[in-house]
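Right after this note come the structures.
Consider the two complexes below, in which chain A is the common component and chain B and chain C are the respective partners.
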Partner chain A sequence: MPTEALIQLLIPLLLLVGAYFIGTELERRHYRSLRAREHASRRFLTVTFPYEPPDQDPVDVMMVTGSVVVSVDYFKRFLAGLRMLVGGRVTSYETLLDRARREAIMRMKDEAKRKGFTAVINVRLETSRIASSSGNNKGTAAIEILAFGTGVKLRPRATAA
Partner chain B sequence: MILSNTETVPGRTILEFYGVVTGSTVRAKHIGRDIMAGFKNIVGGELKGYTELLVEARQEAIQRMVAQAHSMGANAVINVRFTTSSVAQGAAELFAYGTAVKVQ
Partner chain C sequence: MKFEPRLPRDDVNVTARHPLKEGAVMLAGVFAVVAILLGAAVLVVDRLIPYLPPSWEASIFPAFDAMRHVPSLDVERAQQEKLEAILERLVAHWPEHPESLRVGLIDSSQPNALAFPGGLILVTTGLMDQVESENELAFVLGHELGHYRGRDHVRSLGRGLALGLILTAIGQSGSAGELIAFTGQLTSRSFSREQESSADTFGLSLVVAEFGHVEGATDFFEKLPSPDSSLERSLATYLATHPLSDARVEDMERLSEENGWSLRGETTPIEADVVP
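Presenting the complex of A and B:
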């Protein structure tokens, strides 16, 4: 059946093209929003070590987290499949993970702000694969990025002279 | 109960150590969520259903850890860490652990 074969070929192709355009547009939007939010919160103290400002006292302490679960789209998986043939950088996966990490950090910062903290110290990032562990292609391959740190509320030290 | 992932509680002195406290939960994916995630998987990006599921699960793991610390008479858990591992296809274990202490 030539028409049946054509349809069988056309559906994945359409999915591929559709996923490419939607995926690219979503990615562009996400990057734009990330840049804006990162710029807006750049003065919010966020460090990856247990920093305690010498002139300020921590008055409130609590852990904060932010997480994102992402998956790879149809087109990216296809691209990566091609890439596997020759090896090298898989740019399409790189941007996905980059976006997810930055988003997780933003969420952590947002939670800290919402809870009234003025800084997040000792930030850690973790990456884990949460689905399709059996290795077959069925099921959804998803990756969780978790950002966590200790939110602190700092208050300028009353200098007792 | 104070939680921190630093080795001390900033601004406070540790009075007593009670040892390691842990909390974990194993969650399976909801079939409906999995179907939605499958659709979402075509265009890629965030799987909101899974994010919520894991946030919820992690909260429960933390609560169990806190309950254990509480029963020891601690008022803080320091140096908290998380691990996530898939124990079976479609199920993930979320695990939180830390050191229970009494601070000022």
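Presenting the complex of A and C:
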């Protein structure tokens, strides 16, 4: 009996410790990669208003998208579970969603660049739950972050002759 | 309009707070609340017990008599008679005992004895096969009588209700909730270990009243396995519902010394009576 109880206690603890170290390392690497890619593409025009710059003419337009599906690790979910008891900011999910949004935008920019566009205008973000852990606590919680906008190929406007 | 390249900042949507620190603070808080609720439940039940007569226990718990193993063999009939005889002798030293005390056998090879709400004590056939003296059996029965004296079923019920409330409240919080529930259950076992200790004390006092000494009473504990290393010990102590066997033997020895009970004396072997 004590051995069973011990295993019951040890398995979640090991999962927590493992998830913490693995999750922290993966997050660190992802942030490093994100910063590098964001820096490399910082000159690529990405705006939320639905017009091209006034001094440029669009020669080609098309919708571009980038999407990311994220789930939480055991440790983050554990913290969020505690948070559900005491209330307050669910900080353990903040980095996760921050990374997902930035990654989705990066993917959208990448797609736009690949298709030869020079800017993305009218950028929007959508979040949808695609799997839920509510109810029996057994499922895997996952959400999709979708970034989309209008890719435009711009050409400087010819001044009226 | 001018476009100037800028980079997103890391610290806008992310709170700078170390996850480990945050987890530790929340866990400590939640554990404290669980401990306070459990402690409050124990206190409330303690105050209520004088108002709840033993007959009330029998009326709220189901009847367990269906679990009794009806003696069919001669050996079992002899065991049943022996149990009844010893119970009667012990109860003679406890004037305010509940009216409805009964004792019976339960068919299981695990050596164990159980006190059910309502006054039914069941002793496993496995235990009956292992006990060697009346003194040993008397202490086992005395221990179970101690549970009735401590009104331990009502206490466990109160703890169970408090734990149930806590579990319902945290039922939706996933693995964190499970861990808290598990720790709550284990912590409530420390209350149960206290009950076991006081049941031991009462059981031993009945044995002394009947036999005049404690010789043979704790033999049963020596038949139970005991952990070896100190880590195993501390874990086992935390996880178990009963105190560790050797600790119980030591407690009984100390108790005997304090009360000036005789440690040595004649034991009455049981085999001669049981086996025809």
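Worth a mention:
Here, the second predicted complex is superposed on the first by the 157 of 161 C-alpha atoms of A that agree within 3 Å, B and C clash if a C-alpha of one lies under 4 Å from a C-alpha of the other, contacts with A are read in each partner's own complex, and residues count from 1 in each chain.
The working rule: contacts are C-beta pairs under 8 Å (C-beta built on N, C-alpha and C of every residue); 3 or more make two chains touch, one makes a residue touch a chain.
What you see is a predicted model; the values in this text were computed from it and never measured.
Legend: residue contacts after superposition of the two complexes on their common chain; A:62 is shown touching chain B, with no touch to chain C.
By the touch criterion defined above, A:30 reaches chain B but does not reach chain C. Within the superposed three-chain model, A:85 lies in touch with chain C and out of touch with chain B [touch as defined at top]. Of the two partner chains placed by the overlay, only chain B lies in contact with A:152; chain C stays clear of it.
Once chain A of one complex is fitted onto chain A of the other, the partner contacts of A:128 are limited to chain B, with no touch recorded for chain C. When the shared chain is aligned, chain B comes close enough to touch A:71, but chain C does not. In the superposition on chain A, contact of A:118 is made with neither chain B nor chain C. When the two complexes are laid over each other on chain A, chain A has residues 15, 74-76, 133-134 in contact with both chain B and chain C. Interface of chain B with chain A (complex): residues 2-12, 29, 34, 37-38, 40-48, 50-51, 54-55, 58, 80, 82-86, 88-90, 92. Considering their complex, residues 15, 18-19, 22-23, 26-27, 30, 50, 52, 57-59, 61-63, 65, 67-76, 96, 100, 103, 121-122, 124, 126, 128-134, 139-142, 144, 146, 148-150, 152 of chain A touch chain B.
Partner chain A is touched in their complex by these residues of chain C: 1, 3, 5-8, 10, 13-15, 17, 19-20, 22-23, 26-27, 29-30, 169-170, 172-179, 182, 186, 235-236, 239-241. Looking at the complex, you find that chain A touches chain C at residues 1-2, 5-6, 8-9, 12, 15, 20, 31, 35, 38-39, 42-43, 45, 47, 53-54, 74-86, 89, 91-92, 94-95, 97-98, 101-102, 133-134, 137.
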